[in-house]
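Two complexes are shown next, each including chain A; its partner changes from chain B in the first to chain C in the second.
Right after this comes the complex of A and B.
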């Protein structure tokens, strides 16, 4: 089939996962033309990565995943071994900028124009060495020489810069923020990330499927269930197997528990950043109760390694399920009361309202997904029905109602989190009382040469995993993609009309992953 | 305001006694707390440095500040600058891109200072190990006094590690 009448033939990916269509562009122009068509149809760039295929097909390969109405269109473009260059897509989708630069740093395939600054390479390895090339060698012994970075400078009388990071003031991941300000007014924020780059994508290469699952669960610890599921879904599609129905619902149960835990923590932290310590202690108490039940039922407070290719690593018995239902009732009641207190607290609302606002047009332009996108009014949730899109099992039967808010500010992102907690509690109750009897895990025999894409609506946004197996059924390439790639630039926009002291609050309202995007 | 105060009263004080696993250990921790009082005059300041974690360890370090663990109740608090810190609580693996920043933070921390390496990755490099992008364990970059393994370590394990470092 074709999308938008563009000359790329697509075939639907096998399996019961998210609807994904795969196609191959004949050349850079075809890819560019397809990207323009997606953009015109209000679609988005979901992910972009590259791979070294010289041992298999004699060249390199660029992968672009586009979000379209029906699901995802995964377009590959073969590039020659010599001078692998493709057209810059950042002019069409600005989200491509950092992904393209990371792809050049890691694989050595570059855009023909546009921003050529390195992204993940800070000086720990030379510009002509690329860790994801098969002939790169170990490469551990380069001199580590931190390089200068060409930040965009803001001029004018009274304008000055505030550099922050990589080590921030709180208990938070590292990254560098360069603020250009006049007085306390923010004129511009430019982020330099990559400090968390620990070579995840290269570690995947050559691992077996089970070893890869463990690594996938550690791409971004706060989203371990989302990543484990996205990876498992990609592997299952690549190998042509489908997990049993009980396993799918148990995965959904874990994913929703992960969502609630993170939203509880964020709502507490948002109160804290607006000087309402009461909110922090109340929500952190609820979060701790929640994590303790995770520990008791799953043997791990964050449920790491409990979602595995083929299904889940454990089953839940009836007493565990009733404990979950009981906790949902308690937490639901308490959060409802806390929401009333937040809503009626003038000091808190004064900080939340109109702060860090972005609108739906900008969100679409930046290919934003998740909480931040829904807080601008976009109905975009991989779990939920929307015009032209049917979610995969088990979501279709659960009838997920996406939470949205039109305002686009800190208040909206808090409101979406509240609404999503209530919806997740409803889903958890439904899952807990309606689990079908079946096995929870099946064998996944590796299919040499198989490939697949997994898409999961994590608590932050859309988490993807692209997986390709080699001739022996080991991992040839895995690209885990965090929604933070698209959301970090949205934060740059969101702060622009605000003052420096509002930055921590705005930042927290997005709560983005550094590790997930630095890889 | 009234609902807020009612909620505070209804919630009460949730802070739990210090961690206990075995009676011997409990005595040990009681002794450690006496030591904190004696050595530090009930004030230990910690600068947390994420040198490359997956952010899982940070979730549990955050939990130290929840009302159950109530770290500040022990007189231990997190500070914004290494210059104000007695201890660095470092998660890893240490990425090559963070190697320099971690060294600078260590140099900025006044002597005598303590370093606690947190998590399997901070202790050994964990699933990420050492590579073109990672130096591996924290001790590959700065001297480490105490190691708290776990993926991630629980708040209780973290608290034990912090107390153990103080006792050195």
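Right after this comes the complex of A and C.
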């Protein structure tokens, strides 16, 4: 099959996961022209990564995943071992910029033009050493050689810079924000991330499937279920197995519980950042109760390692399911009350409304997914039906209604979170009463040379995992992709019409992952 | 000036030094309860001061003498303010030392020093905080002066002691002008003491801070003095508010009984005031920084209304 009349031939990925088509570009031009076609059709760049295939095919390989109407188009491009360069895609999809730079830092395949600044490499290793190459060796002790990073300078009368981070006044993840301001007015924000880089992708190499699942669940702790499922879906597709229906519904149950927990926390934190500490303590209380039930039913407050390739690591009995339903009722009632308080609090709404706004055109241009995209009115949810897209099981039968809002500001992102909590509670009830009887886990025999892509709508947005197995059935390359890659640049745009003291609130309304994007 | 008067003056200052952290602790406790949290101990601010005084001072590179002196100046200003304001009695030796306009000047002096110190070290947060503090200050001061003029017109004097005496010991008359002035004074107190809705004393978000941004680089005894001074400022403002609007219970002269009675009355009034402060803080969100001028503009408006009401309606022909 072909997309948009482009010459790349695609084949649908096996399995029951999200619809993914795989294709191979003959050269850089073919990839570039496909990207242009996707962009023209209002598609998006979902992920971009590279791999060292010199032992298997004699060169490097670039992987680009594009989001199209029907699902995802995964295009691979083979690059020569000597001088592996490919055409710059950042001019078509600006989201490509950071992914391309990270790929160059890690694998050593670069774009032929455009931004050549390092992204993940902060001077902890030399520029000619690439940790994901098979001949990189142990690496070991490189002298730390931090170099100056060329931030874009803003000139003019009264313009100055405020550097913030990577160490902040609160206990949060590290990231550097360079604000160019006049007085309180923000002229420009440039982020520098990568302080959380811990070599996750290199750790995957050579692990077996089960070890990989544990690692995938730890890429970004608040999205452990989404990552574990995306990884599991990719592995299942690569090995040609399908998990049993009960396992799929249990996974959905865990994913929705993760979504509710995080949305509760975010809504509380949004109140707190506007100094309404009442909202913070109320939502935190609800979140704590929620996590405690997780701990009691799943043996882990964040449900880490409960989703495994082949199914789930545990089954829920009837009493556990009724406890879940009961909690849904209580939380639903309380959140309804709190929503009323938030909606009617003039001071809070004054902070929320029009703050940090982005519109749907910009969201599309930046390949944005998840809560932030839906808050601009885009109907983009991997769980929900939309024009030309049918969600995979178990979502198809649950009939997920995507929550959207047209405004694109902090208020809209808060409103989408509220709506998603109510929708998730409905889904949880529906799953809990309608669980079919079946096994919850099947064997996944590794298929040497197999590869697959998993796509899961995490609470933040679209989480992807690309998996490739080597000749012995071990992991040759795994790329976990966080929606924050696309959303961080959106934050840079969202603050443009606002003032410095509103940044924390806008930042919290996105609540992006540092760890997931720093890998 | 009698010897016992001097003793009582000294006692009033010591009482201010001792009660100020307690008031802060009480407000924090009330706020925690109102937000369904378990509260820190009442004495927490004292533990904090104790800890900070024991710690070494870490000075920023390039900090000038100004940076090191500023905490002492600010602390001194606040102690002086607490001495001028009649907390226990209107007849203490220092009360006539400065009138209300000078009192506003003392607060202004402290503000200038802490803002300069914040800018002195050259961090972006320091200048950010200093800039915002001046924005709040230059809008709050006129409103405060207007409030004071209203009370001064009633008592025909700008001396705090005289104002309090007049207001407390005339026949009981409800002045509508004082109601307007009271609202304005409350607004100004919130802004001046870095409370919600203008500032948030509990925040860790460095980009939104006003007062906290200025003192980010302070440590050890310097920080202790500044924290203590912040407590004293809240105490001073509370006492000023109580003296102007609820003056009953403040002793006149230095009779032993009157002064002894004044202490529990003051503590009770502060406790109620602190609880009210916590309540207002709990139900409000912080305003956008550019709404702070609106907030203080409203305060100024109320203060002017109070003055007009006094001039047009309350003066006898």
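We adopt the following convention: the second predicted complex is superposed on the first by the 519 of 519 C-alpha atoms of A that agree within 3 Å, B and C clash if a C-alpha of one lies under 4 Å from a C-alpha of the other, contacts with A are read in each partner's own complex, and residues count from 1 in each chain.
The definition used in the following text is that contacts are C-beta pairs under 8 Å (C-beta built on N, C-alpha and C of every residue); 3 or more make two chains touch, one makes a residue touch a chain.
Computed from a predicted model, the values in this text were never measured in an experiment.
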{"item": "Which of chain B and chain C A:499 touches, first, second, both or neither", "value": "second"}
{"item": "Chain B or chain C, by number of chain A residues touched", "value": "B"}
{"item": "Partner chain in contact with A:122 - chain B first, chain C second, else both or neither", "value": "first"}
{"item": "Touching partner for A:202 - first (chain B), second (chain C), both, neither", "value": "first"}
{"item": "Which of chain B and chain C A:173 touches, first, second, both or neither", "value": "first"}
{"item": "Which superposed partner A:491 touches (first chain B, second chain C, both, neither)", "value": "neither"}
{"item": "First, second, both or neither for A:340, with chain B first and chain C second", "value": "first"}
{"item": "Touching partner for A:163 - first (chain B), second (chain C), both, neither", "value": "second"}
{"item": "Contacts of A:427 with chain B and chain C, given as first, second, both or neither", "value": "neither"}
{"item": "Partner chain in contact with A:278 - chain B first, chain C second, else both or neither", "value": "both"}
{"item": "Set of chain A residues, in rising order, touched by both chain B and chain C", "value": "169-170, 278, 281-282, 285, 345"}
{"item": "Residue ranges of chain B touching chain A (in the complex, touch as defined)", "value": "3-4, 7-8, 11, 14, 48-63, 65-68, 78, 80-82, 93, 95-101, 105, 126-134, 151-152, 154"}
{"item": "List of chain A residues in touch with chain B within their complex", "value": "120, 122, 124-125, 131, 136, 138-140, 142, 144, 146, 166-167, 169-174, 194-200, 202-203, 214-215, 218-222, 224, 265, 278, 281-282, 284-285, 287-288, 291, 295, 301-302, 304, 337-338, 340-341, 344-345, 513-515"}
{"item": "Residue numbers on chain A that touch chain C, as the complex places them", "value": "160-164, 168-170, 183-184, 271, 273-278, 280-282, 285, 345, 347-348, 350-351, 499-504"}
{"item": "Touching residues on chain C, where the partner in the complex is chain A", "value": "31, 34-37, 124-125, 128, 131, 196-197, 200, 202-208, 216, 282-291"}
